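Labels for the chains are A, B, C, D, E, F, G and H, by order of writing; each one numbers its residues from 1.
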C-alpha cells in the first residue's frame, strides 16, 4: 500500500530562507510530504502579469495583473493543501500572508503560524485561527514530523543540528 | 412584497470614524441595508476574553482568548454578509483586516477594499480579490448605492456634501 | 403562516421590455415573487466603475471596472435566486447571459431560457442545462404560475390578453 | 515524491488549431499537465446523441440529446480542472464557451480567457471573472509555465518560435 | 421573538388524501409549519410541459418536458425543507418518490417514510436512510409534533379522533 | 431595519436547570436571540420512538428509534444555529454532548463549552475546538452579550445577582 | 502522463447480466474505466447485516441492518463516481435504483438511465434528471466510449457483435 | 487498472490493541485498505504541544496545545476517510471518540461503532448515526471485508482463528 502524501503549503515571507530550512529538515526525516509555495522570486512575482500579458502605464494595473496571475497558483495549491504554514516576519506588511491565512481558515485547512513572539499581539486573530503557533522553523518541522509520523522527534539531536 | 435587505460587513480599521460616515451616507440614500462590524472599542476587543473568562498571566493567552471570542462574532457576521468591505489605513499592521478579506474571498463573498493609493502595492493581492477598490468612503457609498438600487447617484450633489 | 416568497432572477437581453412584460403578467396573477435583475440602463452598466471609482485611459480597464462592480450585484442576486430566467435575443453576442446561465447551472439553480426557435442550435448547450425552454414571455409567466401556484393557468384568457 | 499534475481544461472555439498549439508549446516546456477538452469534431459533437441514442424528427431534440451527452464529458472535466482556459473567436456566437466560463466561475476555478482585443467590450463580464486575459496562445503557455513552474519563461526564445 | 417555521415537504403518492389528513391534524396542534408538496393534480403534473411549452409527437418528450417543469418546483421545495416525508403506496411504481428520497438523503435532509409494513422489504434501502419509518399518517403527525414542540402528544385523544 | 436574530443551540446536560438560567439572564439583557435545545424531558427523549412508532422487544432498537427521532430535531436546530453551546457535567457519560460538539465543529459553527475545570483534561479535544471555554453559566451569558451586543456587560452587577 | 481513470457506478437491476455485458464491451474498447457496483449476490445483499452483526427476530430490522451495511459501500462508490448508470427492469419495484438516481442527482453526478421504452412514463422524473436515456446496454457502452474517448464508435461493427 | 484503496480511520480507545487486531485480520484478507489512526502513545498525545511548542504553567493550556496539534492529524485523516470506525470502551469518558463520531457524521462519512452491548443505552445517539454497530473487532473486519470485496467471509474459518 503506498504511503499517504501530505501536501504542505508554505505561505508568507519570501526574503529569508525559511522554506529551504524546512525542506532540508523534512528531507532528513524522510517525511512523505510535497512542499508547495508561491513564486518566491520577488521581481517575477511582481512583474509576471505585465511581462507576459503586456505592460501597463498605471502601476495599479501592473500590480493587479501580477497578483491575479499569482492567484492562479496560490489558490490552487492552498486548495490542495493538507496543512497551510504561514510565516510572518518583521519586515513589510505581509498582508498577503494574512490573506492566505484567512483563505485557508475559511476552507477549514489546519493552519500553523510561524513568527517571533514580538508579533504575538499584532497577529492575535491569525494565531487564534491556527492549530499550532511556532516561533522557530525547528518547531514547524517537529510539528509536521509529529503530525505525520505520529512520533515526537528526539528533540535534542535535532536541536543540536540547529 | 418586502424589500431585500443587504447585509454589509465593515471590516478593518477601528481607530477612525469611517463606519459612521458610511452609515450616515447610506441613511441619506435610504438603502435597505443592515450594517455589521466587529466590536470597535479597542480595549474591549483586546480584553473581552480575559475579562469574561478569567485573566491570564501569559499575554499570548490573554490575546488568544480575546481573539477567539471576537471570532464568534466576526465569522458569523462575515458568513451572513452579502458584501464585505475592508478598510486599510496607514497605522498598524491590520493583519486581521487582511485575514478577514481572505476569509471572505474563500467564501465567495464580494469584497470592496478601501485604502489610500499609497497602499496599492502592499495590498495588491487583496485588491486583486476585490470587485471594487475604493480610495474614499464616498466611493464606497456610491458603489453600494449603485449595486443595491441600480442607479448611479448624482455624484455632484453627494460630492458637494463631502 | 406567511407565504413562501420565490426569488426570480431575470438575466440577459436589456434592450427590450421583456422584464416589464413578465412583471406585469405576474402582478395579474398575484404570485408571491420578488423579481431581480441586473442594472438595465445600458450606459450606467457600462460606465459605473469608471464613473464612481475613477476614469481609465485604457478601455479594457474601463470595462473591467464596470463589469466587476456589476458582478457584486449579479452574483449576489443569482446566488439568492430560486429560479434563474435567461433571455437571449438576436442582437449582440450576449455572452454575459450565457455566462450567467453557466454560473446558475453550477450552483444547481433551476434555469428557464427564453429565445426564438431560430437560436435553438446556437443555444443547445444552454438549453440542455435548462428545465424549461420558452419562446415567448407568455410561456415564462405560465411556467412560473404553474411552478409556484401548482395550477396551469387558463391559457386562453391569458393568451387573449397578449 | 511524484510531481503534482495540473489538469487544464481547454474550452471554446473548435474550428482552429489553438489547442494543438498549446499542447506542443507545453510539451516543449515539459510541464506536468494533463490537457482536457470537449469533443472537437464538430459533426460528432452535434450528432452524438442522435447517432447513439436514436434519431429525432425535431431538430431541437436532436440538438438536446447531443448537448446533454457532451455535458457528461465537459462537466466532469471542468469539475476536475485546476485551470479552465476559454477561447473566444470572431466566428459563431460561442455561447457554450461563455456558459463554460460561468460554470467554472461558480465552482471557483481559476479562469484564463483568450481572445482578440476587438472582443474586449463584448466579453467584459467574462474577462472580469478571469485571472488572466490573453490575446495570444503564446501568452497562455507562458502563463501556465509561470503558474506551474514558478518561472517566467525566456520570452524571446519562445516568441521567436512563434 | 418570532417562532421558528418548519418547512415540511410531502413527497410521493398523489392519488389518496394523506396530505390533507396530515394538514388537518397539524392544524389541530397549531404547529408552526409550512407544508409543501409537488403538484398533485395528476393530469396537470403529466401535461404541464406540453400544455405550456408546446405539444410533442413523441410521448417521451411529452413526459420529459412535464417532468422537467415539475422539477423546478420539487427541487426548490426539497432544497428548502427541514424535513422530507415520503409516502409509498401499493399502487404504481412510484419511482419518483424513491428518487425524491435519494435526493433528500444526499442533501442531508431528515427523512420520514410512510408505508404499509407489507412494503418493508421492498423499501429497505429507503427506510435505512430515514430517521423515522411510519405506517400511518397518525404516526407522522405525532412525530412532527414531538420533533417541533418537544412533547409526545396525548396519544389516546388523537387516536380516538382517527 | 429589523434586528438580526441569533440562533443559539444549547446542547448537553439535561438534568440541571442551566438552560433556564441562561434564558432568564439573556431575557434581562434583551438580547435578540432564539434559544433552541433538544427535548429535555428524559423519559420522552428515551421513549419517543417506541411510543409513537411502536414498541420493541430488543432495547437496542427501542433506543435506536428514539435517538433517530430526536436526531430530526437536533440536527435541524444545530444546522440552523449561529452558536452552539455544549454543557458537560460530572454525571453520566454525555457522549451525545460530545457528538453534538463534533457535529457542530465539522459544520464550522462557533462552539462554546461549559464545564467545571475538573473536566478540563477529559474534555481537551472538545475545548480545543471551542472558541470560548466557560466554567459558569454566568460566563456564557456574558460571552453572548458581548458577541451579540458588542459590549462587555457590567460584570459586577450581573455577578451580584448570581 | 498517466491517463485519467473514469469511475463508473452501475446501479440497479441485479438479476440479469447487464453489468457483465458492459464490462466485456468496455474491455474491448480498452477504455480507462473502473467499474463499481453494489453487491449483486441477492442473498448476501439481503442477509449481510444479520449474518455479520447478529440475527434479528423482526424482519424489519433484519432488512434494516443489511441495507445499512450495503449503504457503506454504495454511498462511498456513488460519491466517487464520475458517471452513475442506473438500470431499471420490469421485475421488482427497484426503489433502491431510483433512490440511487436521486442521490446521484443531488450530488450533481451525470446520470445515464437504461430501461425499456415501456417504462418511459413511469420513469419520467428519473429520465428528466439523466443526461442520456438508453434502451440497450449497447447504447451505454457507446455513450461511455464517446464521452471518454471523444469518438463515436463504428456502430456497425459493435452492433454486429451483439 | 489499479484497485481502489479504501481509507479507514480508526478512532477511539487507545489503551487496548484493537487496532492491531483489525490490521492483522485485514492483512489476512488482503483488502486494499490504508488504515489511519490518531497518535496512540498516550503520553505523546498529551504532551506533544508543550514539548514541541513550549511548556505551560497552566495545565489547561498544556492540554489545549496538545489537543490542537493532534487535531491537525485527526481532522485531516477523518476528512480523507471513506469509513470511520469508532471504538468505545468501559474505561475513561472518551469524549474525543464521540466528538470524532459527530465530526464524521456531519461530513457524511459512513460510521461503524464498536462497543460492548452494556454501553448501548449510553451510546444510543452515536449508534443511531452509524451504519453498522459492532460488539467485536471480528465483526468490524467482516463488515469491511463485505463492504470492500462484496463477499461475506466464511465466518467459521475466521471465527476459529479468533
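Assume a contact is a pair of C-beta atoms (placed from the backbone, for glycine too) under 8 Å apart; a residue touches a chain by one contact, two chains touch by 3 or more.
This one's a predicted model, so the numbers in the text were calculated from it and none came from an experiment.
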item: Chain pair with more C-beta contacts, C-D versus E-F; value: C-D
item: Chain whose Cα centroid lies at the greatest distance from that of chain E; value: A
item: Interface residue overlap between copies chain E and chain G, same or different (over half shared); value: same
item: Separation of chain G from chain H, taking each centre as the mean of its C-alpha atoms, in whole Å; value: 31
item: Chain D-chain E separation of Cα centroids, rounded to whole Å; value: 43
item: Averaged-CA centre spacing for the pair chain B and chain A, given as whole angstrom; value: 26
item: Residues of chain C engaged with two or more neighbouring chains; value: 68, 71, 108, 133
item: Chain B contact footprint on chain F (complex, rising order); value: 1-2, 4, 6, 82-83, 108, 110, 112, 131-135, 139, 142-143, 146-148, 150-152, 155
item: Of chain F, residues touching chain E in the complex; value: 5, 32-34, 36, 39-41, 44, 47-49, 51-54, 65, 68-69, 71-73, 75-76, 80
item: Residues of chain H defined as touching chain F within the complex; value: 59-60, 63-64, 66-68, 70-71, 88, 92-107, 117, 120-129, 133
